[in-house]
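Take a look at the structures below.
In what comes next, chain A is part of two complexes: it sits with chain B in the first one and with chain C in the second one.
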Partner chain A sequence: MTQIPIEVGRLMRASLTGFVAGCRINQPNLPAFGTLVRVPINNRLEAFGLVYNIHVDDDGLVRQLVTNQTLPPEVIADNRDNRNMPVEISIITIGRRESGVFSHLLPGIPPTSLDIIYQCLPLEICEFTSAGRFGYFRHILRNEELPTGELLASHLDQARRAHGACGDPEWYTRAIKELIIRLRDDYPGLMNVMNALSDLPTE
Partner chain B sequence: MPINYQQIQAQADQFCNRSMKYHQALNNATDILMDVLMKSGSHLTELHHLVDLKALANKSLRCAIPIQEQISTAYTLPTTFEPLLLIAADGSQINPNRHRQVDFGLINVATICIQPGLDIPPDIESESKLMDDFDQQTDHARLTEDLIALERDILERAALYNRACKYPAPLITISDGPLELFRETSETAWFEKKLAEYKQILGDCRSATILTAGYVDKPQSDLVNRMLRLALEMLPVSNYPLSAEIENIRVSDACLFSGLLTVPGDRSAIFAIQSPWAQHFKDDLQLCFFYLNVGRPQKPGLARVEFPAWCARNPQLLNNLHAAIFRQCEIMGTRPYPYILHRAHELAMVTFDETLQLENLLAGELQARGLDAGVKSNKQSAKDLPGRGRYP
Partner chain C sequence: METTMNDCQKKIGYIVAGNLKDCLRVRLVVPTQEVQEGSFVVIRCNAWQFYGLITNLELGATDPRFADEQVGERFQPALSDLLQGQTLFTNLEVLPTLMLEIGPEPGSQAYKTWFENRNSASAQPIPVKTIPSHHAEVLLAGAGDVAEIFGEESKKGFFRIGSTREQGHPVCVDLAKLIQRSSGIFGATGTGKSFLARIILSGLIKAKLASLLIFDMHNEYGLDDQASDTHLSVPGLKGKFPTDVRIVGLGRSGTIRGQVADFNLEFGESDIQPEDIELLTRELNLKETTPATLDALVASFGRNGWFSTFKAMKPGNMIEDENGKRIPAPDSVEGWALENNVNTLAAASLHSKMNRLFHLTYLVDQPAANGLNEIIKSLEGGQNIVLSFGEHENDLDYLLVTNMLTRRIREKWVDLTNAHRSHPEKATEPRPLVIVLEEAHKLLNHEMAAQTTFNTIAREMRKYGVTLLVIDQRPSQIYDEVMSQLGTRICGWLGDDDDVHSVLAGLAGRDDLRGMLARLQPKEEVILLGWGVPMPLVIRSRRYDDIFWKELLGKTGSKADESRIMKELGFGL
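Right, the complex of A and B next:
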């Protein structure tokens, strides 16, 4: 059965290394932390990224309203539906698909404003994460501003389930081994990632 | 040049000293008038006649008229009320400015409709009206700030009525500011026409049981104070006449009632407005008001709520209005103001950037048709030059 791509929002701003999507706070398909998403740049090229932050901004009115202990439901609905306060989803770019071929190199051009961002389907997650030799890990590991351990744990958990469904349960073990190799000279970094991974439920 | 703070510092001392003296006099005057208010609570008929008598002699008399309630009583928040549908409207305008490249005016009116208690997002709409001064017929008023303000008030009221007609009555419509319509316009005939239009809308609202209210935040008016001064002058209600030093002190009604309406949700008695402009609104449409404490315990905040007389005669509707406005103010927490009015304002507001965009759009359209788009005034061009900055 063909799965329908899930739209998660539209692009607000972008650079070569990451982009920010905006979406409504009450939309049902708000992507979770660590979700793999894609955004078509043109007919041949797509950027792939991981959700690493979800930001809900405030304003003067919201700051005033939160001091009220009992807010009527219509006021909450008004602020969530009518007021122009998009949830900002920050995404780190970790690879691309060009003419159908996956690569963990960055796309040469960034996506542009209002491009639609889609959540990757399990098959796309499997195809992207099994392309090459986990090259996309370097984008995550070198970015000191990311919550690296938590992001990897969340991503690997989602990818493990996708690979399990695709018949490759060993992918997770290979991914862990690759992380250990890449972090062999960074003991604190390795412990940070391992600690986070140890909190994942065992399968 | 920046402000000369050295000079201001010296003047600030004088400012504070003068303020202290003023507040002493104000407190004395308030105490006396409060005494009059308490003693004249039961003299409604005499007060009414007194105002009528004075109005005959003084056509420009402006004061409050007691209606049917004891004026020295605080009326508490109703315990039972029906959460009626609320619709608010607010308008924002771009005033004509001959210094701009293209001279135009704009009125933007937004309406918001809230059903209290339901988890349904409010329904919002906005309407924009572009205005120009190209019609040079003699009976047409020139495009001025006053004209736009008046037109905005009427469009707000019309938008409220049009929205309200789509819902079952009774319901409450509210706008910011008084219901009374007064403008300094030289175009009398035009103003009379607009006034008739406004009265027609209020009349239509009355026929459809659509409650029309105006909310005045931080009211400065002294209508009740003026009425009490008449009482002090002509009725045996106080043994303490105002001394010469406080006779001319203007005591705002909010100042007076803040000592009476001490519990959040308390409202004053209902008064009608006696004024030359208010004479245009008669019988069912006679303009009435009460003061309402929308504040918190120990932090009273007075607002004035205006509505037509037909609402004042319907106790259930009046209770619903009283409760609805207080509940709306409560939503805003420490700075009480009706949430629905703030949202209407937020939706209607035309920003400076939007004004520039609109001006560019009109200039572009004119040029595309081969017409002269005009030029900015030299004065405006000079003002728009990038500044050197006060602190280079």
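Right, the complex of A and C next:
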């Protein structure tokens, strides 16, 4: 049965190394931290990225409302349903699919405003993360502004489940080995990642 | 674990660093406990195969903090295992010794061309002259590798002395090469030197490459003995090789533990030379005037007669002259000394100290039989002689007899060799002779080495086919020059630093081997070193037991054993 793509938002702004999507506050498909998403750039090229931040800005009305001692539920609902400020989803670009071929190189051009961002399905997660040899880790590890440990833990947890469903439970071990090899000369960095991974539930 | 198809070699790591002068560094890919110091390893790199010895293991970490932190307590077991596997490692230090050209990939056209064009020289391992590349595979040597380097038991002249420690692959010694130079068996007391010597001597007797003259100071080798620790019976060489070994007793009625020897050895008093006495300076506590006194005796009575004449002199014997004054008698020591301008006190002192020699029962005026000729004839004829000292077990007997006998044998072998070289068509080359010497430091120490025949043999006599096999627990006491002449050194555990230093003197890679020597198991583990072996190697020596004899001779019992068994069963009483 063909799975229906899950839309999570539309592109607000982008660069080659990342992009920001926006959506309504009460959107049901709000992606979780560490989710793998994709955005078609043209009919041959898609960019893949990881959600690393979800940001809700305040506005003048919210700032006033929070000072009230009591807030009626209808006021809260109205503010959420009708608010004109989007939830901003920050995504780091970690690879591409070009003419059906996965790569962990960055796409040559960024996506365009209002392009739809889709959450990757389990099969897409398996295919993207199995391509090459975990080259996409470098994009995450070299970006000092990311919460690296938590991001990798969250991503690996989701990817572990997808690979389990796809029949490759050993992927998780290979991924951790690769992380350790890449970070073995960076003790604080590796310990940060390992601490986060150790907080994941064991399977 | 990763293995290759050839000879069950096991991959243990890959090269990460190193240099030719020091060692190669190998990153271990198997658990540390699977590899030991002294293991024989093979390194494959393109068309070459390198052979080496593990000399050190060292723990390391990509960051010291990974080693300091016990991550097993912080992380899930699976995570900590993965972490430790990548951040903590063990490096080996490998002493490369030999290299062999193995050519391109077998089965390829290039291999066929290479194989057809190679010469016999390139088919042999050579001392290492280059090093393998980074990431070259390192494997534990298989049986084929050991056989490639150390030879196979099935080949003539190769004798299995033991096996590799880890996998039990047989290790052989080239006996023909062993006897080309003097060699040594060393180890602290109780490490099994005598057993190892028995094994090697048995191999030499079986191979018939040389004749052996064994100075059996403690009556251990010739006849059956009893192990001092286990009290089990230890077969003697005579029982196992009844026609190849002759037991010689010292003195006319020399018996060895109640058993009669094949023949006996006595020395004539005319055989003793002044240098034989000087050799006993420490043993007899002789003074510095001794050489002068001996010179005077020889001048007076000749080299053949001085000893018996001096023995017959009466010390302190006095007579009265025509004036009634008491003067030394002409037949007294003092009388001779005065007549020959020799210090009377020195002469009297020497005579007194030589009383121990005058009373030796194997030193006689006229030997009953020519035991010495019998020994030489037996050795020339390919038999082996075990000279058992019987009840004459003190150092004086050992020093005197070994030196006197060896001097005569050396002279004989020099004559035979010169005769052969002058007229090879008339005189055959003398049979190679190995003189087996226990407690070698008593004869070959710095003080005495210059005076003994053994020093000469060690330094020069391989040209005449005579070499030594020294067995000793204090190699540091053996003269440096002699030690440097020892080709093959087989060494058990040594505790003394000086002894370790002495055994390794003159050998490449001695610093790496030093710790290895000190960490050998006290029994049955030895290290093979020196010119006589292709490369240093730690082995587990064979056991001197029924299995050894069955493998060597094809049966466990000798006639003597069979008669004993029959008696125990009640037959033939």
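For the reader, a short list of remarks on this structure follows.
We take it that the second predicted complex is superposed on the first by the 202 of 203 C-alpha atoms of A that agree within 3 Å, B and C clash if a C-alpha of one lies under 4 Å from a C-alpha of the other, contacts with A are read in each partner's own complex, and residues count from 1 in each chain.
Here is the rule we go by: contacts are C-beta pairs under 8 Å (C-beta built on N, C-alpha and C of every residue); 3 or more make two chains touch, one makes a residue touch a chain.
None of these values were measured; they are calculated from a predicted model.
With chain A as the common reference, the superposed partners chain B and chain C fit together side by side.
Seen from the Cα centre of chain A, chain B and chain C lie 150° apart once the structures are superposed, a value rounded to the nearest 10.
When the shared chain is aligned, no partner comes close enough to touch A:Gln3: not chain B, not chain C. In the superposed pair of complexes, A:Asp185 makes contact with chain C only, with no contact to chain B. With both structures placed on the common chain, the touch criterion links A:Ser99 to neither chain B nor chain C. Applying the stated contact rule after C-alpha superposition, one finds that A:Glu74 touches chain B and leaves chain C untouched.
Using the contact criterion defined above for the overlaid structures, shared-chain residue A:Leu197 touches chain C, although it does not reach chain B.
The gap separating chain B from chain C at its narrowest, counted between C-alpha atoms of the superposed chains, is 46 angstrom.
When both complexes are aligned on chain A by C-alpha atoms, no chain A residue touches chain B in the first and chain C in the second. Taken together, the chain B residues at the contact with chain A in this complex read 114-122, 124, 327, 330-335, 339, 342-343, 346.
Of all residues in chain A, only 173, 176-177, 180-181, 184-185, 187, 190, 194-195, 197-198, 202 touch chain C in the complex they form. Those residues of chain A that touch chain B in the shared complex are 61, 64-65, 67-68, 71-78, 80-83. Considering their complex, residues 62-63, 65-66, 71, 74-76, 78-79, 82-83, 85-87 of chain C touch chain A.
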